[in-house]
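Submitted below is the structure of interest, expressed as structure tokens.
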């Protein structure tokens, strides 16, 4: 995927003249370069390109534009028919209103705490488990791995209720551990990490062992530094998933002081005016969009690794 | 001795994960099974009721409708969520410009919390000042009731669902398309195959495995649809968007009837496992 | 290395152990004077700082008067959430004192989720002034399970300003359904976005309002013996037919389905919806939470009403509470909710805080001496135009109250389908909708035994 990104950048170079052939890069696809650069091919190519860019912008960017500007309109303007394309008098009042009505400060704080705490715990548990399964190879290791992967076959909605009953029995309602424990039981993370650890050559570890390093030191000074890419991918997905999660926190974190952003928004949205709802949604979108901007490449690279999970 | 030591160390590293899995993954799977044969309100000690919960669920009004709605949703979501991303990926793969922008943009909704997408679309679907009817009005088409009519509510849910999920499928297909060896296309071209023949005889066979995999994953994912009906329609209008997962949630958390919810969950799981087994067979055949 | 792994495991296990422990009731302190600690639900949310302050002041005053009692408040919104009710109780998270709406009385009592407080009713000084028929709702087999806190009958809430704009007289609100239809048509004719009459159709509120309308017309949801559905009747048909005609022939109900409680309140608060079925608490909420203008809203009697669905809530005690905790809980209920001029009946403070005082939103005490004292106090401190609510008060005096059907929530979910069917489909077959709902309700009743 990363190399694809590089190709895309190469392809992005604009043709200096209209006559200049369309760059196909070093790879070919269904349409041959010859067809693409025939007079008709060019015409079709450019019209398809323009159509796709316009459609994508309308379909995926315009809704966000509508959300952001909706929050800048007054209550009357947002209900106006036909709507205005630009806010007549842009104001940030709705954002301020959303901030206080939804108690966004608390919600954001809670969500950040749960995501980051869950991430730390999840990484501790899953990395050590993957390390044990990959490098220390205990008895029944494969059985354990199989049982862990088997949990991926069980649909999430189905275990929702028994898991909930279990968490109730343990008294973990309104307790962050009610989110963290189940999140750490992630067979997919362990699978990804183990597969990566498996590819680390034995010699590296043996060299360290000869220097007198115990298992923890090997993990810390040999395995982890090499595994940065996979750790990055797993981290990002763990954090983003827990940030986006809705149904589970809806059940577990019911105190208004302890709710996550998603749950808080859903509970209060009915009581709040439309422009303030949009304000709340914008604020809720910002963290993940920032993550996406910064870690775009990792996320897209991880996606193909994550394709098995869907 | 060394073996014992190694095992002890290994289980030392494993035990936290074993604890998490045992209590929060394996035990709930067993609990699900037990729950479906019990009557419990979580307060009084549970009682064994045999197959009563299953009987109750099957005989419950709306049971059949919920399955039909779920299958309809799954079918529509596949038409949109499986076919559309593939076609989009095919087109994107042919483009030589704006690729980074297009990939970024199509994945953007996937990054948003689902609740944001759902609440945003709730506003778009508003029959009055909502964006969709305003656009229809702008191009002189009659307004639709969207979420507010049994005829269009389900498809409206599919639209939201597709919008917020199609990005990942598109990018996965795109990656698969880029792994197709160019020689195959060149050979097909030499054989005189046109564009559509090339797609049929090169592209689809080459991506068959990932297509099958994604198909099954999407079936499993869409059959569990919950947030959309929960947030957008509350199962209405006229019960047209009560899905199995939604019904299960209602049984458990509105009616406090955890046993019946468990029984419904078991049925859903069996159906999904049948799909999964089917998928495994297909992929095996494919490898052979 | 072993140490660090061991530590991790120890901390994991330790945490789960403490987490388990937190669910158990607090240990009684050793020593003679029995210290009691109770938790009470329904503290106003942070978004209502003045009311929250008033609550906190009451807690402080109560603790001063009862030095051995420590009161902790929770502010979950809404303070009764059917979704989390059972689990909270099972998980040991339930407050000592919690509120239950009238729709859930039967289920909560039948499932043993509330304590039998018959022996403790003496803690409520005005217990005997509480209306008998309201107390009956929380009584089962001669045992009392709750302290009725709010009670009201249904009326017709309307927007006086819109009436004036539409050329109607706000002082003579409709008294028949024919007049309601006419008024709704005129209000809807004010322009796009105006809705004459708002009605629910989802999230169990549709079934709830169907029941209100059905009772008003003299119908019943269930037969006398609670064994069969009884709403597939001329009355039930009339309810749906009227709604259908208003929606599709008169076009006076707008085009948006209202699927949860807030949606109609928002519409009402926005000042473009003319009328809805509702109790006086609707006015309080529309003004207090949904930015409605106080002077605009009036409430009148239910048109052509033969009976009125009882609404309201009661405070109940956690069945797992110790006798001392239960007693302290009852004292709190008495202090905050049942003392004239104190707690929630401190109308002078309410007025100073800008609360909508004056809405006749509570009839738990009826016409008893306590009730009269409260009413006098309320009128004295009224911040609202009390005359706007007179027609309702006069009318409700003559309409007999009628309780919710058994298994209300499940039946309401089924009736939602009929309501949304009529309001979302021009060609809805009313007979079929009612017959379907009847079959389903009968199936539920049969399964419940």
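Chains here go by letter, A, B and C, matching the order in which they are written, and residues are numbered from 1 within each.
Quick note on the criterion: a residue touches a chain if its C-beta (ideal position, glycine included) is under 8 Å from a C-beta of that chain, and two chains touch if they have at least 3 such contacts.
Here the structure is a predicted model, which means the values were calculated and not measured.
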item	value
Interface with more contacting C-beta pairs, comparing B-C to A-C	B-C
Chain closest to the assembly centre - both centres taken as Cα means	B
Distance between the centres, which are taken as Cα means, of subunit B and subunit A, whole angstrom	17
Chain centre separation in whole Å, for subunit C relative to subunit B (CA means)	37
Inter-centroid spacing, subunit C versus subunit A (mean Cα positions, whole Å)	40
Numbers and ranges of subunit B residues touching at least 2 other chains	9, 12-13, 16, 23, 42, 128, 253
Shared-contact residues (touching 2 or more other chains) in subunit C	1, 5, 8, 16, 83-84, 87, 90-91, 192-193, 260
Contacts with 2+ other chains: residues of subunit A	79, 81, 124, 128, 164, 167-168, 170, 181, 215, 251
Of all residues in subunit A, those that touch subunit C in their complex	79, 81, 100-101, 103, 124, 128, 164, 167-175, 177, 181, 214-217, 251, 254-257, 267, 270-271, 273
Subunit C to subunit A touching residues, read off their complex	1, 4-5, 8, 15-16, 19-24, 45-47, 74-77, 81, 83-84, 87-88, 90-93, 192-193, 260-263, 266, 289-291
Subunit B residues touching subunit A - in the complex, by the definition given at the top	6-7, 9-14, 16-18, 20-21, 23-29, 31-32, 35, 40, 42, 90-109, 111-116, 119-121, 123-124, 128-129, 131, 134, 137-138, 163, 168, 171-172, 175, 177-178, 180, 182, 185-186, 189, 195, 198-199, 202-203, 210, 213-214, 217-218, 220-221, 223-224, 226-227, 231, 245, 248-249, 252-253, 258, 261-262, 265-266, 268-269, 272-273, 276
Residues on subunit A engaged by subunit B in the complex (per definition of touch)	1, 4-5, 8-9, 11-12, 14, 22-25, 27-32, 45, 48-49, 52-53, 56-57, 59-61, 63-64, 66-67, 70, 78-83, 124-126, 128-129, 131-133, 136-139, 141, 144, 147-148, 151, 153-168, 170, 181-182, 184-185, 187, 190, 215, 240, 243-244, 246-247, 251, 261-263, 265-266, 269, 274, 277-278, 281, 284-285, 288-289, 291-292, 296, 299-300, 303-304, 307-310
Subunit C residues within the subunit B interface of the complex	1-2, 5-6, 8-9, 12-13, 16, 82-87, 89-91, 107, 111-113, 192-193, 201-204, 206, 254-257, 259-260, 409-410, 413-414, 416-418, 420-421, 423-425, 428, 433, 436, 439-440, 443-444, 447
